[in-house]
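Here come two complexes built around chain A, the first alongside chain B, the second alongside chain C.
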Partner chain A sequence: MFSSLFVFRGRASPMVEFAVSVAAAVIVVALWELAARAGIIAPQFLPSPSRVVIALWTMLTEQNLLWHVAVSTARVWIAFLLAAVMAIPIGIMMSSYRIVGAALEPMIDFIRYLPVPALVPLSIIWFGVGEETKIFLLWLGTFFQLVLLVADDMRRVPQEFVEVARTVGANSRQVMIDVALRWMGPTLLDNLRITLGWCWTYLIIAEIVAADSGIGYVIWTARRFVKTPEVMAGVVVIGLIGLVTDQLLRLLHRRLFRYL
Partner chain B sequence: MTGYVQFVDTAKSFGPVNVVRKTSLGLDRNSLVVFLGPSGCGKTTLMRMVGGLDEPSSGSILLGGEKVVRPDRRRGMVFQSYSSFPWLTVEKNIAFGMRYRKDLDGAEKAERIGHYLDLFGLADFAGSYPNRISGGMRQRVAIARTLAAGSDVLLMDEPFGALDALTRERLQVELRQIQIREEKTVIFVTHDVEEAVFLADRIILFSRRPASIVADIDVAAELGPDRPLEIRETQKFFELRNKVLHLIRNETGAVV
Partner chain C sequence: MKPLLGTALSAALLLASSQLALSADQIRILAPTWLGFAPVHIASDLGCFAAKGLDVSIKFEDDLTNVMAAMARGDIEMQMRSVGEYQGRPRDASTPGIIIGTIDESVGGDGVITDDKIKSVADLKGKVVAAEPNIPSRLLLQMELKQAGLSLKDLQIKDIATADTGAVFVDESIAAIATYEPFMSQALKASTRPGARMLISSKDHRGIIIDAIIARNDDFKANPDKYTRFLGCIYDAVDFIKAEPDKFADMASKHFGLTPAEVTDIVNSSLSYTTLAESLAYMGKPGGKGTLHGIFDTVMDLNLENGAADNKLVAADQIDNSAISKIPAK
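Presenting the complex of A and B:
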């Protein structure tokens, strides 16, 4: 049952893989708990998992953590959807029409290498300290990466597919919609899943800018008072949201693209 | 020069690279013409120009007396790589050929789909996705889709190149039968001499790049229109195959 796990490029059943995933997580948490209880590392640096769970419970019941989670989730999804709605058509156009590619690619390549934290002061000057800045910073971390991934996806649409469509009478718009987008579907959803993860990674940066809500704000505030269990609880919450979102998107992928 | 498909002083260069020398050639309607030549000689480029997918650098190509300027459904392509759309079932892949036809109503389209599913022995796999069927079937789907589109001319670029020997033989027989039955003009590109002799009414042999015609062989006059598989074992077939091989060695200096 488990022997295939040790075979080079072997395959295992989903149940076996799930069991291994759970076992690995349990082992890591158990080792962490042991290390913390043994006093190997001071609790203000590495509190035990049980203390993190207690802190998480307190935050949920007494500090309105769910509200902060909802605020952060809304910010991430607004920024991510904005980025996706803009990046998908622009990326497609960049690969489809050389004039668009030649005009935008160098600029996008330049901007995507800029570290988002370096643009915090600019974003405050442009948008103030309200929601706009937070959304802008999250968008910034996502859009420029996504647009190039989409452009690459479009570039990889097999030329044979395009030519088959053209020889049965499709015009450029029909080739784009009926062939290119359909072919890109699976990789596009994968790229959206990956960039959504990146969007979450920028949350802390976005929510330390004069924020009074959100998981980033909760983590940053806890840090000021060296409440390490609360900091770690906040981090765990982000990880859990990421895990659940990722699994849901994988499920959607399997449902939408049954032909793969 | 006459013919349904006509190359009129057609030449093609890609930048400084001359791919096809000035070529004039007429191909009869409802015939199966094989373009044979060494790999990379430019025969695919000539075929793509018939499809309107590449433009001649000079000269022109006429289809039924009309100049070819862009791709349209009268000239359908079948590629070596499996070009069935993976997101569509076999039935929907065939239907895709008619997707942009406004002259057929739903019932007519359904009838044509049924016809080609039966003709290619795909009826039992109508609801299957391409990744669930064999390579041979995928190529059948690609040919059926092109025919369903209503193409007069089938442009086939080594379509059986990736198939195993037995499947390849079977598809060659089927292609001959379907070409005659459906009255289609086929331009078939290959570098396989045996395949060329078995399939062709006429073989146009090309030189190394830049392609120019080195021989025009009337295979139909030697072998007739019917090509059962057994014809490959006849003296006539061997002689013709050897003749073509000699021509290739002598005229193109190439091993195909």
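Presenting the complex of A and C:
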């Protein structure tokens, strides 16, 4: 049952893989609990998982954590969808038309290396201290990475496929929809999944700007008062949201691309 | 279609006019995540702002540059911060902001921590000292160094984020850290360094680290009465805090994600809210100077010396006592 796990590129049943995932997580949490209880690291720096769970419960029942989660999720998804809606056509155009690629790629390459935190004061000057700045910062951390990934996805569509489609009389629109998008669809969804994760990593930067809501705000406030269990609980919540979202997108991937 | 368009336009105009009406008495505040500014939350919870026709909102923002950007853009009418930080770069005489009152002072909330290898400030000469730029405890360190015939240049200063105090204090190559609460107490509590203790405390330098209420000049000039009403509510809230400490702790805890016991502990060990009488003494009588003017100059000189500020600001131009002096006496 488990022997296939140790075979190079061997296959195991989904149940076995699930059991291994859970067991690995349990071992890590148990080691963490033991290390914390043994006092190896001061609780101000690393509280035990049990204290984190208690903090999480208090935040859920007394500090409107679910509301903050909803606010953060909405911000991330708005920024991410905005980035995707812009990046997908622009990335495709960059790979399909040399002039667009030549014009945009150097600029995008330059901007994507700019550190987002350094741009916070400028973004306040441009957009104020409301929701726009928070969405902009999340978008900034996502769009420029995604657009290049989309351009790469498009670039990898084999030229032979395009030529065969042209030979059988396909017009540009048909080549795009029936050949290119079908070919790049699986990797595009994978890249969207990965960049959605990146978008979440910018949450703290976005939600400490004139903050009064969101998980980033909750974590930052707890950090200010050295409430490490609450900080860890907030981080765990982000991790859990990421895990669930990732699994849902993987499921969508399997449903949409059954032919793989 | 036409009636629908008309209704929509009327609604838009009504909304716009109500927004205009609101904006006259609107005060949007950015302040660091600190209990020193809790009187704003308390005044709001007590209904004072609403009773005086004010629409007050407060958000947390720790980064001074972001606050200055927001004020320059006209997105906020007010900020709250220590006088020393207020003077920090890139402020010059034309930067928006004028001090119209005080809200609290540090009495133990800021300080320098060390271990038993350092017996006095003079022992820090040539040693590595960690501190975040432009924080109040750096000024305290600077003052004590001056008294010992030294300056910050005699130390090897490492810039850190104050939130990392506990982790940095583990490194014994760091002789001392200029920091603030609650990071200061937590670092001492977690430390295994022999003789870990406070070397300098703001408790011993009362009246130096003062959190000020800072208004945007153009709005203050246009609506001075709005700010008098606001300050009246703040000092009413301070009176309430002093009279009902338990109720205050309970009310404030909800705004800061703390328990009431944590609020009481932090407030008692770190700060003192300034009453109207104390604030009036700091701000001075109309046309005159209060004790804050002298403090402003002292802190300004320290900031210029340590490079936290690069423009000498004149206290009389940066402090306006006209609004606070109009608060009706009880």
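Quick note on the criterion: the second predicted complex is superposed on the first by the 260 of 260 C-alpha atoms of A that agree within 3 Å, B and C clash if a C-alpha of one lies under 4 Å from a C-alpha of the other, contacts with A are read in each partner's own complex, and residues count from 1 in each chain.
Please note the rule applied: a residue touches a chain if its C-beta (ideal position, glycine included) is under 8 Å from a C-beta of that chain, and two chains touch if they have at least 3 such contacts.
Treat the numbers as computed from the prediction; the structure is a model and nothing was measured.
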| item | value |
| --- | --- |
| Partner chain(s) touched by A:106 [first = chain B, second = chain C, both, neither] | neither |
| Per-residue touch tally on chain A - higher for chain B or for chain C | C |
| Chain B versus chain C as contact partner of A:230, first or second or both or neither | second |
| First, second, both or neither for A:170, with chain B first and chain C second | first |
| Which of chain B and chain C A:182 touches, first, second, both or neither | first |
| Touched partner set for A:208, first chain B, second chain C, both or neither | second |
| Interface residues of chain A shared between complexes with chain B and chain C | none |
| Complex contacts: residues of chain A adjacent to chain C | 42, 44-45, 59, 63, 120-122, 124-125, 128-130, 208-212, 217-218, 220-227, 230 |
| Touch list for chain B against partner chain A, complex | 51-53, 71-73, 75-77, 79, 81, 83, 85-87, 96-101, 129-131, 142, 145-146, 149, 151, 155 |
| Chain B-touching residues of chain A, taken from the complex the two chains share | 158, 160-161, 163-170, 174, 178-179, 182-183, 185, 257-260 |
| Residues of chain C touching chain A in the complex | 30, 33-34, 58-63, 65-66, 68-70, 72-73, 75-76, 163, 166-167, 182-183, 186, 189-190, 256-258, 262, 266 |
